[in-house]
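What follows is a single structure, written as structure tokens, with notes after it.
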Amino acid sequence: MLSVAVAGASGYAGGEILRLLVGHPEVTIGAVTAASSAGDRLAAHQPQLAPLADRVLRPTTAETLTGHDVVFLALPHGASAALAGQLGEDVTVIDCGADFRLADSQPWHQFYGSEHAGTWPYGLPELLTTGGEKQRAHLLGESRIAVPGCYPTACSLALAPAFAAGQVTGDAVIVAASGTSGAGRSLKPHLLGAEVMGSMSPYGVGGGHRHTPEIEQNLGRAAGSDVRVSFTPTLAPMPRGILATCSAAVAPGATAASVRTAYQEAYADEPFVQVLPEGSWPSTGAVLGSNNVQLQMTVDERVGRVIVVAAVDNLTKGTAGGAVQCLNLARGFEETLGLPTTGVSP
Amino acid sequence: MLSVAVAGASGYAGGEILRLLVGHPEVTIGAVTAASSAGDRLAAHQPQLAPLADRVLRPTTAETLTGHDVVFLALPHGASAALAGQLGEDVTVIDCGADFRLADSQPWHQFYGSEHAGTWPYGLPELLTTGGEKQRAHLLGESRIAVPGCYPTACSLALAPAFAAGQVTGDAVIVAASGTSGAGRSLKPHLLGAEVMGSMSPYGVGGGHRHTPEIEQNLGRAAGSDVRVSFTPTLAPMPRGILATCSAAVAPGATAASVRTAYQEAYADEPFVQVLPEGSWPSTGAVLGSNNVQLQMTVDERVGRVIVVAAVDNLTKGTAGGAVQCLNLARGFEETLGLPTTGVSP
Amino acid sequence: MLSVAVAGASGYAGGEILRLLVGHPEVTIGAVTAASSAGDRLAAHQPQLAPLADRVLRPTTAETLTGHDVVFLALPHGASAALAGQLGEDVTVIDCGADFRLADSQPWHQFYGSEHAGTWPYGLPELLTTGGEKQRAHLLGESRIAVPGCYPTACSLALAPAFAAGQVTGDAVIVAASGTSGAGRSLKPHLLGAEVMGSMSPYGVGGGHRHTPEIEQNLGRAAGSDVRVSFTPTLAPMPRGILATCSAAVAPGATAASVRTAYQEAYADEPFVQVLPEGSWPSTGAVLGSNNVQLQMTVDERVGRVIVVAAVDNLTKGTAGGAVQCLNLARGFEETLGLPTTGVSP
Amino acid sequence: MLSVAVAGASGYAGGEILRLLVGHPEVTIGAVTAASSAGDRLAAHQPQLAPLADRVLRPTTAETLTGHDVVFLALPHGASAALAGQLGEDVTVIDCGADFRLADSQPWHQFYGSEHAGTWPYGLPELLTTGGEKQRAHLLGESRIAVPGCYPTACSLALAPAFAAGQVTGDAVIVAASGTSGAGRSLKPHLLGAEVMGSMSPYGVGGGHRHTPEIEQNLGRAAGSDVRVSFTPTLAPMPRGILATCSAAVAPGATAASVRTAYQEAYADEPFVQVLPEGSWPSTGAVLGSNNVQLQMTVDERVGRVIVVAAVDNLTKGTAGGAVQCLNLARGFEETLGLPTTGVSP
């Protein structure tokens, strides 16, 4: 049994990591830590975690995190580097923040406006990379892993096979709807229930969302060349879930059948990615609480576009489930261990 | 005072028409009719219409509709032509169905697969047409008007100014989210509350949605040349509202400023269209229950796209409000009469 | 035309007051004021109020409010007294806060724990009081009116006729569900959309909610003797609306028919209260955005209880609509002026 | 490994049973059956069950169900008896319908209006019965078990300890809010998403709901004498969850402390029932997808009532989780096997 600590345990991502760890047969849950909520019962912030209700949140410091085999970091951007540096190389550190996701400093500076902390192996096992290899090959046995953002998880898995197989030539346009847990537990008026329910709105329009370069990095790896993406996120009146509607210019000669084949081949052996049968389209409800990615695709001949729609749970596969999947790969467990493959629906 | 009948008064569109007519100072509400619900109290289907609660639904026939100055048709597609033919030319007939929206028979056959009933003046007053004229010029004093579909209202007003002003060159991509009232009162499992709440899903993907040729017709008129649109509708967990995220390839030389100017000029005098100040983005909550269209736009230089987002209430501006606006134009009332310009929010 | 100021215009109640005033034919909207948001465009806080979008919020001070015929106060509890004292007696002041609602100091001290500001005429026109007189008689021409709380509006109108007509003997139990706008724009984690959607929870359980003494005061007036109420509010996953499920011990000899008669007589001439036909039950959706109160009642003979269910929109009839209704009474307008009698539904 | 069949696998209860069985280590899933949907892929009705997506629904007949060790029945009321009679006594039959829940024929006739099928051991293991024994004692090794209704699960566990310990004297009043999955997949207009979202409404008011006699039976067993309950269910705008707000007249001498002690003692060793610490109140969000029951209680001295609030997931603990818990008891597995103790939240 590995001992595991979770930093940022009072937030949505931290809570979801703990939910999954409770069901993971190879770990014991050690320190659960927070910043301003240190000293509180965990149940005050995570009432859904009945088996851990009486745990007390400790402060997020190198001291409280030290002594565990595995540390999950679910912290605000910029907070991970300093902490990770104080944890030994034998400790598996899995970071759910953005700090170590980008390989290049330039987009980091452009989109985050701060110093680039560095690059860790990118924790999206199912991602096709140049040459057809999957990203999981780069995660086995690693002690530092950067978990992808929730939108990049959905969008990259949605478009990578089309780019990798040369079925599209570019001009990617993505409009994605996210449940409001994607914004975290931020106390902002537009995230209040009264303003969220019954309303949809866009944000970060025009290429400004920080997940844009991460999506482009992933698709670029799949394509073997630079990819640019028009990415518009929208806030949807639901707690969880991402529905990513993606399209790109169809390549000459590509057809609905050839596109479908590319996806079926790319994901044939993936335990968490379902290429749905023709005529079925994904819904976020169907993946709620699971580590699944549901995909469907077609070609709109009239306009010359491949359309791919992906659904994930932003907190499970999009964050915490992806993180636990990385733990499994890093520590040599079966990749699916402790990860739900059924959604909670309706 | 005009006497007005509403056919299809047990449905969502019919109910919204009646809600607006209750507040319209120049009409009295005559027959309210339905198909299988004829004989029921109106309140059994429209409990929100307290002033009309004791009205009894009559059958939808030429006989019950005859004798009114104005008849609104809120019927399933295909049902309007026969009825309208039995109403005198002096009766103002405003059809909320699709039957008379398309000018050309070819797309009608392709998307509806039935005989084309014909073409009536298209009831989207704010739509720019070739030469910069607005569509309202074609509605004044008309006795037959085809009210636009809800998606075409949002999407056409969102992209027409950019096409009309030559700010975009094509490759339009629209992903729109709609509240579930857009599907009407159809008893289908995927529209049940338990399956809708907390879930988003796409439908009609790949160019198959029937509103596609209507959007293309409208944008083609604005552009003065054929326009093709990649249109993907999605079902959002809210009762009402459409958020249309639209983009198209930016024209050489066009900038965020020049695009904005095109929209400000196009809609400067429009009572129901708000081009929001820079930095503010539309939300469907802000237009709920109103006849407003809120718009914002920008240019994503990295990818060469103009992005425009529009929010409307699918039942108000998208159907019933648009219909009453047509009544006002057809009968020479002030265009805004009886139409709410404030949303019900939060 | 009366000039009207609204203090607290950045909040939910203030926004709803303004929505109604935009449609009120006898007023012009003067100063709109706020505390920390002073200086902002109104649209930054109330994007739904398109006709007032460019108004600028001024600070809430006696100075900015002076010079208007009518002042609506939509402020945190405790803030109204000082301001009202600086406004002339010729100014109609309508307070949506709690400060002046209670006639007795004792419950004020017990439930609010602060000094009792005083008592103004209580702005619930339809409330039966001892002797069968309605409360509206005490509002005509008044220059200071305390608008009821949202729960007391629903609960008092639900139970007062049964108490006034001697159809119940006491032991009132109320469980009410409210949309989250009832909590105002408070930035608290449990009001975030992600935590509200898909979840119901109680609060103020055990008699602690501050609306309890107000309900008891109202029912006591109707009964002509002291009334105690078990009141449990719950937070429901919707933006607006209160559904109050109320019951009390049936009086000897009272029957479903006699109870119904009491309600029909009590509300026969009320423009905003609908006693639904037998078999129809209220829903909050049916009154959304309207000033209506929908009621239904029965007797459960097995347990000896009268059950009454009421639905209101907490922001409209429960706050802002009630306030405008008070304005109409205070200034001698028709009581229904500017007040919607149709809900926005679905 | 036991082979398990699920009849009614296209409905919400059947889907949830399958979700839990996928995670149960001691079963293999055999036949999944349906009525009108027989022949469909399971994924057409249960897209969330990825591991079972390609299963084909077979017809619900004794023939398809025969040959399994365990059969779950998730059928409309009235359909279970005939099927169960054709399954051998060595088959464990767990019925999620109402047919075998009531011990007495009289309330069955009164509330269901049909012939009483009989009585099976009642599958609510945590229920206190006369003498302080728990109901689980009657389930060990049984081959026929009647799973409780969703409301009775929440309401009975909420009030039984107070009755059993003599802390209340009667006059129980329950108002419960349920997510709309509680109504099943019935195609009725008032269950459509557009009508459900943003709206709350009561139903079965006045003692008519069929779960009333079941609650009374359970509380009567706990009290050792007849109990009558005023029960009002309401439909809440959420997919899942029941929040039951329960109260009863406090017994002389009972205090908040003595009441709390009664609950703590009753549920001290229960793995699925959490008596929350003072000051914390249940929410349905916190138990979503779990087999947990969260409870909190207090005494309102002003009105002489004990108030208890319970939250459960109607589909998990309220139906399918309860059913699997019965399977565990019937077959001698650890009672918690395969049952989630963490909620999916936010």
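Here the chain labels run A, B, C and D in written order, and each chain numbers its own residues starting at 1.
Everything that follows uses one rule, which is that a residue touches a chain if its C-beta (ideal position, glycine included) is under 8 Å from a C-beta of that chain, and two chains touch if they have at least 3 such contacts.
Computed from a predicted structure; not experimentally measured.
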Farthest chain from chain C, going by the mean of C-alpha atoms per chain?
A
Roughly how far is chain C from chain D, centre to centre by C-alpha average, rounded to an integer in Å?
37
Using the average of all C-alpha atoms in each chain as its centre, how far is it in Å between chain B and chain D?
45
Mind pulling the chain A residues that touch 2 or more other chains?
12, 179, 181, 192, 194-195, 197-198, 237-240, 283, 285-286, 288, 345-346
So what shape is it, when you link every pair of chains that touch: line, ring, star, complete or other?
complete
Of all residues in chain D, which touch chain B in the complex?
12, 45, 179-181, 183, 185, 187-189, 191-198, 237-240
Considering the complex alone, what residue numbers of chain A touch chain B?
171, 173, 175, 177, 179, 192, 194-195, 197-203, 205-207, 228-230, 232, 234, 236-241, 243, 245, 247, 281-286, 288, 296, 298-303, 305, 307, 309, 311, 345-346
Residues of chain D touching chain A in their complex?
12, 15, 18-19, 22-23, 41, 43-44, 46-51, 53, 181, 197-198, 239-240, 274, 276-277, 280, 283, 285-290, 292, 294, 340-346
